[in-house]
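Next, two complexes with chain A in common: one pairs it with chain B, the other with chain C.
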Partner chain A sequence: MKRPFSYKLNIFLFLLPALILFIGVLIAPIILSGYYSLTEWNGLKTPVFIGLANYRELFSSKSINIMRALKNAMLLAVFSCFIQLPFALWLALKLSKHIRGERVFLSVFFMPVLISTVVIGQLWLKIYNPDYGVLNMVLRGLGLESWTRIWLGNKATALGACFVPILWQYVGYHMLLMYAGIKGVPPELNEAAMLDGCTEGQVNRYIIIPYIRPILRVSVIFAVTGSLKSFDLIYVLTNGGPNHATEVPSTLMISMLFLRNRYGMGSTIAVMLIVLCFAFALLINMAFKEEK
Partner chain B sequence: MKQKAYRAPDAPRKVTASSVAGAVIMILWTIISIFPVYWMLTFSLKNNQEIFGENVIGVPRYWVWENYTRAMNTGNMPRYFINSVIVAVSTILITLLAAVMATYAMTRLHWKGRKTMNKFFMLGLTIPIHASIVPLYTTLSRMKMLNSYWALIIPYSAFSLAMAILICTGFMGDIPYDLDEAAFIDGCGVWGIFFRVIAPLMTPAVATVGIYTFLQCWNELMFANVFISKDALKTLPVGIQSLSGQYTTEWGPIGAALSIATIPTLLVYVFLSKRIQDSFIAGAVKG
Partner chain C sequence: MKKILALALALTMLCAASLALAEPITLQLWSIATESDSSHQAFVDAIAAFEAEHPDIKIEHSPTENEAYKTKIKAAMSSGTELPDIFFTWGMGFLGEFVDAGRVVCLDDYYPAYADELPEAMTVNVRYDNKMYGVPYTMSLVTLYANMDLLAQVGYDHIPASYEEMQACCEALKGAGIIPFGVSGKELWCLSEYVEPLVIKSVGGDKLRDMYNGVASWNDEGVIKAIAAFQEMVTKEYFDPSAAALGNDEVKNNFIAGKYAFYQNGSWNNKDIGEQAKFAVQAGTFPVLNPDVTLYQMIGGPNNTLAVTETCEHKEEAIEAAFYLAKYFSDADYKSGANLPCWAADPKAEVGPLIVSAADMAAKADNMVLFGDNFLSADAANTYLDYIGLAYALEVTPEEYAEGLDADLK
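And now, the complex of A and B:
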């Protein structure tokens, strides 16, 4: 095709809206966040450069206690990888075996992913309600009065009570990805294995699971980075309480910014989170490659 | 010698203890997946007596539609709904325009660096919104744009862009290149080809991107919570959050408010479940 005189200009014009949005809202702010994380700033005066002081304070301050927040997030990541993902995989394997109602099950299991986390949070707040919540009512009905708790108000149970809806909501997401992966396994492979006398369990273990490794890798990355970034449900359910028992990095960041007006420190937490997410994504990628 | 079990892939299955257990778990998980939504829809139609003891998980005995009228009349519920619609629709339009144009430049026009440019945009799939929240907040505040629709529309569009470009690239690759050449011979320039040939053929991508973006904006909490404090401009997630804080003892109207926020999503899902699922898969597998 002959290229019109203004070809280059046109390319630029076609890219312009996307570039403005992308650079203005994603790229430039990341660089700014990096700079702000090295400053002391209350949002009003000009930021004062203080080097790495925020990072030092972040990891040593007892009142911020970032380690507790990170520990909570990592605990969520562990539950996610060792309970949520295996269960999702199990569901996906079951569903991909041409069972009756395959599409219906798939759609129902995926549904919670689409519902607003605020709605889900509000519903679980009511499920956990100590007086009228379904959970305590069911326990009372079963004669297990002594098992009833103030689930979200008790330091011992609050974190677990927050994890349940988070893990519950995204089982369907991981299941869907794995299901799509399993559907991509060439049927000849399965049939050949079956002809050789493999049981269904063996087919799953030696053919399907190795085949969908790339998808499992994506799922693990999402599970870990998603746990590190988790915010919505914890914000709605406890907002980090009671007495900071359910604090995660994101809730710390928000309270640093908008309760204490410490924009420098808030940015420090944000930068730490981004670095951690990328580091974990790289690590997981490497782990999946090495095992090959 | 041990007999090897052979079963044709579509032969009837034997009923074993483990297959029964499997079926039971599947059904239990179905119930657990649906329960919160089922419970929401039913208690949104109940009075307090039923909710708080007489009939906790059953179908309502008296259908209290009044809960819905009360939810629409208390607080700013209709306002939140309209705000959510305005923000979602504007975001979808901006995202689509920017994404389809950029994809056209990166797939149909030939220039050095178009692959690199595509990779650059794909970075957006991994960047968390945390990365830009402080600079966006301070910039918006300096430009006196906090508490406006733009404070949400612009960030939402930018964060939806990578996914939109990813989906559009897939669809645009399916359009035959002969069409471009035919249009070129007929005297169309790049803009003519774009508007008269490519854009009209992109409707399936438009639908997928639209739905995906809609779900993202409809449910987003962190930006909406931080950038908007004026009640009249709140979107549904933040609005519901503050409504629930005010009416802690009356669950019926709150249930109705939650249902009003959820029903559009459920309706879209019922009609377009396959397309929605495909868009989530596309985003994960390539990202």
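And now, the complex of A and C:
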């Protein structure tokens, strides 16, 4: 009897629907964005081919100021990697030690991931409100009137004020990834280490963390590419303001596309983001491989 | 038996055909009149009235919130498919890009039938190459709303008539612990509601219009003086110190709650402020900066418009509906106190004091120049608003503002 999957044609036919879907929803839009990035197009008239003029303008225009947006996104990536992920790892390590209420804590920390970002944005808008916001009210209550700020309206504090809810929202996501990884560590490894007299800290450092390195790599990739693509919370909280202080590449792209009708320039930013995300994903993969 | 079956079949087909013939035409209407919008009820009533008079036409109304609507209509116009038959639009730059792309029906052949009720002067912002592409229904003016109870606390029984008096009034208000002006620094168009009256009352309407049209230079003494006055209002803390973090709705509600002495914004706020404010409120205009410019050089004009798309399947019916609805909205918005009419208004209509003030200002206006972000194309409008934001944040000097706009809007 013939085995149907031994035929290449059959394999190809079975994969074809998924391939068409993959090309249609992912590859084709990227190629089209690449084409539109080389055109001057207001979304209504026929696109006019202008070569690399959009790329030149993107990196030289003071009014677009892409470098400021990239700097903000990179700053978020740094905070994600050095504050959010270590905190998520600490939580995952603590929760995996069979503490009381483990399930409850897992659910509580994961809850922000499940809530709509717009709802979270509205919640933090209320927290930061200069008049009736909880933050300023607590500061006033503690006698720290001079510490009160217009958190989202001041250029000095707006970016930090946006980062806090972004980092807070996804701690639970990374924690759950790491928690699942830690639960996959064979218990005999831990037991053997304990019998050899290792402390809890030593078990974490020399057994658990190296064991879950593939998960840590995924978390770092998600944190960095997520920072580069960050959009929703910043859009709700400040929409890139005040005076572009919290602009990130995605808010700049939306502004070019839908406020300025510059579809060509919007596509240029989209292509730049795709290239950067791929580049960072590759770099992070390489960094984790080298450490092996 | 076969004959009976054939007869029954024929009768069924005939009934189906007649039912199909009787099916009404459905027109899609897109607007920004969501349930929270002051014009919502007017849309509902107008559609019901039109459908009652035209039983063969049905209108499906899809309202979308203001900012989301801009994205929605632009995306639909870009694709050129799944467009509505009739759509709400603003005049000049906003509608101009759709007209330029050939997406909008020219109404020149239909306008004469309505010319007696809709004066030609009201169609100025929907004309491109002197051809009419939209049916305006209401016009708006930048209006200075004053909380007369707060002004009375510092000894004023009128809105200050000169710039010097306005400054003295603001100082007195500050001294009494009252915030003089409410503005949203988060929404740049709200800042433009303060900057544009200062500019027009410094350079005059004709010159401002020429600046928008790229005929006159922005690098002008009058513009520099206006921006200096605006920045003085910022540095002297005449605006709410929390302004940068507040949206326009919050600011309007704060004014209605009695937090500010003045709130300057479009006359579309007449209804909300008139109905909800628990204090004596007056509507007026900001004093002039340049004594050579008259007081009633106003920012605003006919703007809210309905237009018909080229892809519309039933153009004649859609155009008829657009004129009918526009006339209805014009009348309803005026009578409800929401806004000024573009169409001839009922002189016997009893309207609120704020709309009477707005009508008075419109009647006295020597010149009206449309809001800058409506006048300019999308790209230029955003550059222009960015400069206003920079001026508010004191990140550019008045000279840099004038030079920058002159260079970047060319």
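In this section, the second predicted complex is superposed on the first by the 269 of 292 C-alpha atoms of A that agree within 3 Å, B and C clash if a C-alpha of one lies under 4 Å from a C-alpha of the other, contacts with A are read in each partner's own complex, and residues count from 1 in each chain.
Simple rule for what comes next: contacts are C-beta pairs under 8 Å (C-beta built on N, C-alpha and C of every residue); 3 or more make two chains touch, one makes a residue touch a chain.
Since the model is a prediction, treat every value here as computed from it, not as a measurement.
Novice: Counting residues of chain A touched by each partner, does chain B or chain C come out ahead?
Specialist: B
Novice: Once the structures are superposed on A, label A:Leu139 by its partner contacts, choosing first (chain B), second (chain C), both or neither.
Specialist: neither
Novice: Let me test your reading of the model: by the given contact rule, A:Met111 touches which partner, first (chain B), second (chain C), both or neither?
Specialist: It touches chain B, and chain C stays clear.
Novice: If you stack the two complexes on chain A, which partner ends up touching A:Gly43: first (chain B), second (chain C), both, or neither?
Specialist: The answer is both, since A:Gly43 touches chain B and chain C.
Novice: Could you look at A:Phe258 and tell me whether it touches chain B, chain C, both or neither (first, second, both, neither)?
Specialist: In the superposition, A:Phe258 touches chain B and chain C alike.
Novice: Where does A:Asn154 make contact in the superposed view: on chain B (first), on chain C (second), on both, or on neither?
Specialist: Touch partner of A:Asn154: chain C, not chain B.
Novice: After the superposition on A, what does A:Ala53 contact: first (chain B), second (chain C), both or neither?
Specialist: neither
Novice: Is A:Ala193 touching anything from chain B or chain C once the two structures are fitted on A? First, second, both or neither.
Specialist: Touch partners of A:Ala193: none, neither chain B nor chain C.
Novice: Look at A:Leu26 in the shared chain and tell me whether it touches chain B only, chain C only, both, or neither; answer first, second, both or neither.
Specialist: It touches chain B, and chain C stays clear.
Novice: For chain A, what residues appear in both contact lists, the one with chain B and the one with chain C?
Specialist: On chain A, the overlap between the chain B and chain C contacts is residues 43, 131, 258, 263.
Novice: Using the touch definition up top, name the residues of chain B that touch chain A in the complex.
Specialist: Contacts found on chain B: 4-10, 22, 26, 29-30, 32-34, 36-37, 39-40, 51-53, 56-57, 94, 97-99, 101-102, 104-106, 109, 111, 117, 120-121, 123-124, 126-128, 130-139, 141, 154-155, 157-159, 161-162, 165, 180-181, 184, 189-191, 194, 215, 218-219, 221-222, 225-226, 236-238, 240-241, 244, 251, 254, 258, 261-262, 265-266, 269, 273, 276-277, 280-281, 284-285, 287.
Novice: Considering only the defined contacts, which chain A positions touch chain B in the complex?
Specialist: Of all residues in chain A, those touching chain B are 1, 4, 7-8, 10-11, 14-15, 17-19, 21-22, 24-26, 28-30, 32-33, 36, 43, 91, 94, 98, 103, 105-120, 122-127, 131-132, 134, 137, 168, 171-173, 176-177, 180-181, 187, 190-191, 194-195, 197, 199, 214-215, 218, 222, 225, 229, 231-232, 235-236, 250, 253-254, 257-258, 263, 266-267, 270, 273-274, 277-278, 281.
Novice: Which residues, counting only chain A, touch chain C once they are in their complex?
Specialist: 42-45, 63, 128-131, 150-155, 238-239, 241-244, 255, 258-263
Novice: Touching chain A in the complex: which residues of chain C?
Specialist: 70-71, 74-75, 77-78, 97-98, 100-101, 103, 185-186, 241-246, 377-379, 382-383, 386, 389-390, 393, 395, 408
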